[in-house]
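Multiple structures follow.
Below are two complexes that have subunit A in common, paired first with subunit B and then with subunit C.
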Partner chain A sequence: MTKKTNTPERLAPRNKLSKAYIEKMITVCLFLLIPTLLLVVFTYIPAAEMVKFSFEERDQFGVNVKFVGLENYKTVFTTPEYFAAFKNSIYYLFGSFIQLGLALFLATILCSKIRFSNFFKGVVFFPYMINTVAVALIFRRFFQKGDGITNTDGTLNSIITLFGGDPVKFLSTEGLVNICLVFVSIWRYIGFDIVMFIGAIQSISPDIYEAADLDGANRFQVFRYIIAPGIRPIILLQMILAVKGAISVYEIPFIVTGGRFGSSTFVIQTTETAFKFQKVGLASAMAVVLFLIIVVVTIIQKLVLKEDK
Partner chain B sequence: MNTKFKRTAAMCAAVVMAGTVLTACGGSANQGGETTSAPAGETTAAAGGETAAADNGDAAPGNGDAAPAGESTGELSGTIKVLHHRTDRDQDGTMAKLTEGFNALYPNVTVEYQSFTNYADDIATMMQSDNYGDVVMTPQALKQADLPNFFAPFGSYDELSQKYYWLENYSVDGQVYALPTGGTASGILYNKKVWADAGITTLPTTTEEFLSCLKQIEQNTDAIPYYTNYNASWCITQWQSLVVGASGDPDYNTKLLTEKNDLFSKGSPYDAVYGTLFDIYADPTLHEEDPMTTDWEGCKPAFAQGKIATMVLGSWAISQFQEAAVQVGADPADVGYMPFPNSIDGKIYSVSSNDYMMSVNKNSSNLDAAMAYAEWFCTDSGFAQNEGEISGLKGAAMPETLSSFDELGVQLFVENPTPADLIGKWDEIAKASEVDPWGDASTNYKFRMAEAAFNGQGREEYDKIAADVNAAWAASRDSILG
Partner chain C sequence: MAEAVIKNDSYSFVPKLFTVLKYAILVIACLVVFIPLVVVFLGSFKNNTEFLSSNVFALPTKFEWSNYKTAFIDGKVLLGLKNTAIIIVISCTGTIIVGTMTAYVLQRFKTVLGKVLKAAFLLATLFPAISMQVTVYRIMNNFHLVGTMAAPIILYIGTDIVSIYIFMQFLDNISYSLDESAIIDGANYFTVFFKIILPLLKPAIATVLIIKVISIYNDFYTPQLYMPSEELSVVSTSLYRFMGPYGAKWEIIFAGIVICIIPALVIFLTLQKQIYAGLVNGSVKE
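Showing the complex of A and B:
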């Protein structure tokens, strides 16, 4: 690698207006054009519009728009019911740390020399690829308590009865329903975490493992002193994503229970404010507040986690 | 050379990619919903078909004077797009068949349909631009005063109200902006065979009798006395349609505003309806085991087979349950319909109200053809009759599905128009207070009451929720009405 090749790319910075450089720039711009366009059209413009909406009183149809200044923000911060929904985020926060731990454990196992590891990787990633609506149907059936007339016990209750227990109304019992939904959420998203961790673990040089083997390190020591420090950035990233996910959880409770039996979340309340009560301005303000909360939490998390380095 | 080639290839790839994505954007415009079209050319032949000709033969003159002055019906031409919510009727070809009847009168108009499963939200999004088809089902979330911003007027209220029901809430400054496609009565769907097997010979006339009937069904049959269908969140909103009927007063909603009555007070229509809901939901023997895992499509055959005895649903559901009965080989005549049993001075009332109305986009490039279609659809298409709905035309025969109402001597009435100064106020209060009696947000009082009942929290909790509703309603009412 000592001999530098004399390709046009290497020369380019020195000779800014060369034909090759211009061609390269055109190529780069063309490739960037579409993603940038999509990003601006579908993310930045709507987000900017939303911020604008949050200062207005408007309905779904956008007629009779009135500028109300900070009125919507005042309503958000003076209505305790809106923030009460964050208590359900605590369930998901707990769940997401269980999920991370479990994902790390499974990823470590799948990276060691076990048989059919590729098959198992596929199995754990599979739920992530299922459509969320299908997930909702699967778990409605899974947690069902049958009445013996129109339907029968679901999978979980069938197993419970098999061992002599009494069937439980998992989805119609306050408190329990949130635990069930967290379980669904873990089941669905753990595959993504595992794949991220596997990618990170495999990027650690095999030489280090070999050296550890020669020194007689056991599996736990390898994990503690090689894998964990090696994939630290990914763990931090996943933790930030987990907290963000717990605060803004929406999909799973929305389609499994519709937020009933005390399983509502802040985002469900936001969409209901916009589309059920026709208060699009207020809902936009709620979305902006959620965004700011996530930004603040992320910054705090980054600062705290940096300190113990 | 090699690198140069690669670069050129990369550039080409980029250009091609840019091209494809842009074309894809252009091409996908039509894929938002399911589009079915019946080109005019095809249907002229079909228009000779007996039913289409017979249905519309005598209707033609009526439509002639409804069409804009100076134009004979045959001269209308162009393509109109109809946006609607009946995906099922698009798929089974009913809509295409309807077009044949329309083309018999207007052979040069091509009608395209686009249906949406999530119609209410999709149409609201589309209406942010000028491009929302030519004929649409009028979005219910749109405020009455905003109708002229979006739709073209059909004519004066004084004239059209002689002909159609339910125009009151769709008129602004004496002009009508939507016509009724049909309407429904409020009441309770019950399986006649199960009720008879339980030993019930006369239908209940009070809410207490209704509850004891359900208990009787629980004791004497294997059926589930009442199916809440709680998982489908819209099902509970069907209870709201009973309220005005339970009042027996065509001015009930107006009086809520003028007399400043509380929604919930001892014996008020709201109390009668939701108190009954609470009592049924609070008794685990009267409803299904696990309300969160119910299944709307599955309940139709179960009802037909006598596994479910009773459900609160609008009369629109009757024809669907009869279809389900035919499919599972049960007797469709067992699908019975009764009013909410809250008698006032010995009489039982039920209110009929409109289903989706139909409006014409004021920006339509084929306005005349679109108006002609909407008027034809609401007057002569026979859509309401086929669906077992009440016709929006005054003087039309009641659908067979409601024949039981005649036998029971039910007083079916239509709400009176809201006074001009109160138009839109009821909706405004409903949304501002978030009481939203027709709504199905997860925080709605209906769900709070249902869940308090499911959790066995007792009547105190019901009273507490009712007091919350009254307070929220009163606060918004006083700030909006002054």
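Showing the complex of A and C:
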């Protein structure tokens, strides 16, 4: 990209009639035909429609379409059940930061002199490889409270009763249910963060550690003055991704609780509004709102990362 | 020199305590991962009566293989694995062909069309994927693609900016002199791409394959929306459907979960290093 002198352009002179130029243009057009087509038809046309529909009252079939102006946006922001779902994002956001802190801690331990570090790394990473639906079902059972007829207590309640406690309704108590779902999310995704952090820590030159060792730096100092600054960009990046992740949570709460007991998220609300209640106009407005939030977060990301350089 | 090393690693009591603490933390982390999984594994071998009466950590008294048979055949997990494999193979082939070709043109030729497309791809990463389906669904419906494997396959191939970025980054490090000498020898751009560039992109292709396979295998929303019929079950949707008919029969659901975990475990154990490397390389795109 940077080496201007060596691009193939030099070999294909900008003479409109030259064979090389024509050949180059044919290659460009042929190679870009499919991706352009896919991008326009399945991303940009739907995106444009989304904006247009957000000002209309319409169902999935598009009969009796009515222009309603900003009515849908007003509904999104004023109806508690729609906008309140954003409140649950705070649980996930908070959870993501705990996840990052814990991942950084475990990654630092795994990068120190330790036996079986590959085994430990493999174990904590493996949940990331398990199918989402499988993870959700595993924890639906894990947190279950028995009803005494068809179902017994799940794993966690069995442990609680083993120690003499009373079973807890983990998944049907408002507030608590979100904490459980956040735990599932951390359980599944923390391994990914750990692998990222280990990659970043190992990319720091070993000479620096050796020099610190010679200077008699202790473990905390090594972390504070060598590891932390070295992996700062990746931490910032993961934090921004955590924000984007927290407002787009869908699969785990949808499968574990179906969004009941106050565990619904904005994306669950959007898809239900569109496909269950057939309010495509309103759902489009919700999608546009989510898009705008992501744009704002991305602009912040660019500013923060730029400043960091 | 030796003095410093010794001071840090043994002799005093505090570092030893640190070491014990480190292992203790790691063992606890492993238990947190293992406990939910062990219960699933044990439970999958119990029959219904035993499942309801025994402790969750109790070993099964008799191995009940019929749960696996039910999950495999009646629960359509086998069909799910087959359909998932078909979708993965076609989508990955498509992504690699389209992705490498796009990256080659965008990175090697500075054309106006290329620049516009690159910006368009970047902007598209900001669209919220699941919420967008509200209107993508209509388009798919207009093309009569809802209820076919083509719908998810097109989406997996068509919107994959991450792969294109990984290929472009890799191309940055492939010297232009290779292209030049081939062109001087009379090769056209197609030959350069297929004979020189594509073989050199192998490591990037491996990275993309790893990220792609994991994300398709895990996707639940797309197949659920576009392939609602039972014949088109993939791993995630077939497992999801278990909740209906086997609502109270956790031992069968558990067997289904174990069947889904095994291929992931085998792939993980054989490709561990490549998977870590692939994910780390793939994250650089942001």
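Everything below uses one rule, namely that the second predicted complex is superposed on the first by the 216 of 309 C-alpha atoms of A that agree within 3 Å, B and C clash if a C-alpha of one lies under 4 Å from a C-alpha of the other, contacts with A are read in each partner's own complex, and residues count from 1 in each chain.
Everything that follows uses one rule, which is that a contact is a pair of C-beta atoms (placed from the backbone, for glycine too) under 8 Å apart; a residue touches a chain by one contact, two chains touch by 3 or more.
If you're wondering where the values come from, they're calculated on a predicted model, not measured in any experiment.
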Notebook entry, point to check: Between subunit B and subunit C, which makes contact with more of the residues in subunit A?
Noted result: C
Notebook entry, point to check: Which partner does A:F277 reach: the first (subunit B), the second (subunit C), both, or neither?
Noted result: first
Notebook entry, point to check: Which of the two partners, first being subunit B and second being subunit C, lies in contact with A:E23: first, second, both, or neither?
Noted result: both
Check: Which holds for A:T78: it touches subunit B only (first), subunit C only (second), both, or neither?
Finding: neither
Note to self: Going by the contact rule set out at the top, does A:D59 touch subunit B (first), subunit C (second), both, or neither?
What the structure shows: first
Check: Now for A:F31: first (subunit B), second (subunit C), both, or neither, which partner does it touch?
Finding: both
Next item on the list: Applying the touch criterion given at the start, work out whether A:E174 contacts subunit B, subunit C, both or neither, answering first, second, both or neither.
Entry: first
Next item on the list: In the overlay, answer first, second, both or neither for which of subunit B and subunit C A:R141 touches.
Entry: both
Next item on the list: Figure out whether A:T152 sits in contact with subunit B (first) or subunit C (second), or with both, or with neither.
Entry: second
Check: In the superposed arrangement, what residues of subunit A touch both subunit B and subunit C?
Finding: 7-9, 23-24, 27, 31, 34, 38, 60, 62, 141, 150-151, 154, 275
Notebook entry, point to check: Any idea which subunit A residues touch subunit C in the complex?
Noted result: 1, 3, 6-9, 11, 23-25, 27-29, 31-32, 34-36, 38-39, 41-47, 49-50, 53, 60, 62, 106, 109-110, 112-114, 118, 120, 122-134, 137-139, 141-142, 150-155, 158, 187, 192, 195-196, 198-199, 213-216, 218-219, 234, 237, 241, 248, 250-251, 255, 267, 270-271, 274-275, 280, 283-284, 286-287, 290-291, 294-295, 298
Item checked: In the complex, subunit C residues that touch subunit A -> 1, 4-5, 7-9, 18, 22-23, 25-26, 29-30, 32-37, 39-40, 51-52, 55-57, 98, 101-102, 104-105, 107-111, 113-114, 117, 120-121, 124, 126-139, 154-155, 157-159, 164, 172, 176-177, 179-180, 183-184, 188-190, 193, 214, 217-221, 225, 235-237, 239-240, 242-243, 248, 250, 253-254, 257, 260-261, 264-265, 267-268, 272, 275-276, 279-280, 283, 286
Notebook entry, point to check: Given the complex with subunit B, which residues does subunit A contribute to the contact?
Noted result: 7-9, 20, 23-24, 26-27, 30-31, 33-34, 38, 59-64, 81, 140-141, 143-151, 154, 169, 171-172, 174, 177, 257-262, 264, 268-269, 272, 275-279
Check: How about subunit B: which of its residues touch subunit A in the complex?
Finding: 3-4, 7-8, 10-11, 14-15, 17-18, 21, 121, 124, 127-128, 139, 141-143, 146, 149-150, 222-224, 227, 230-231, 233, 288-293, 295, 298-299, 302, 307-308, 431, 434, 436, 439-443, 447, 451, 454-455
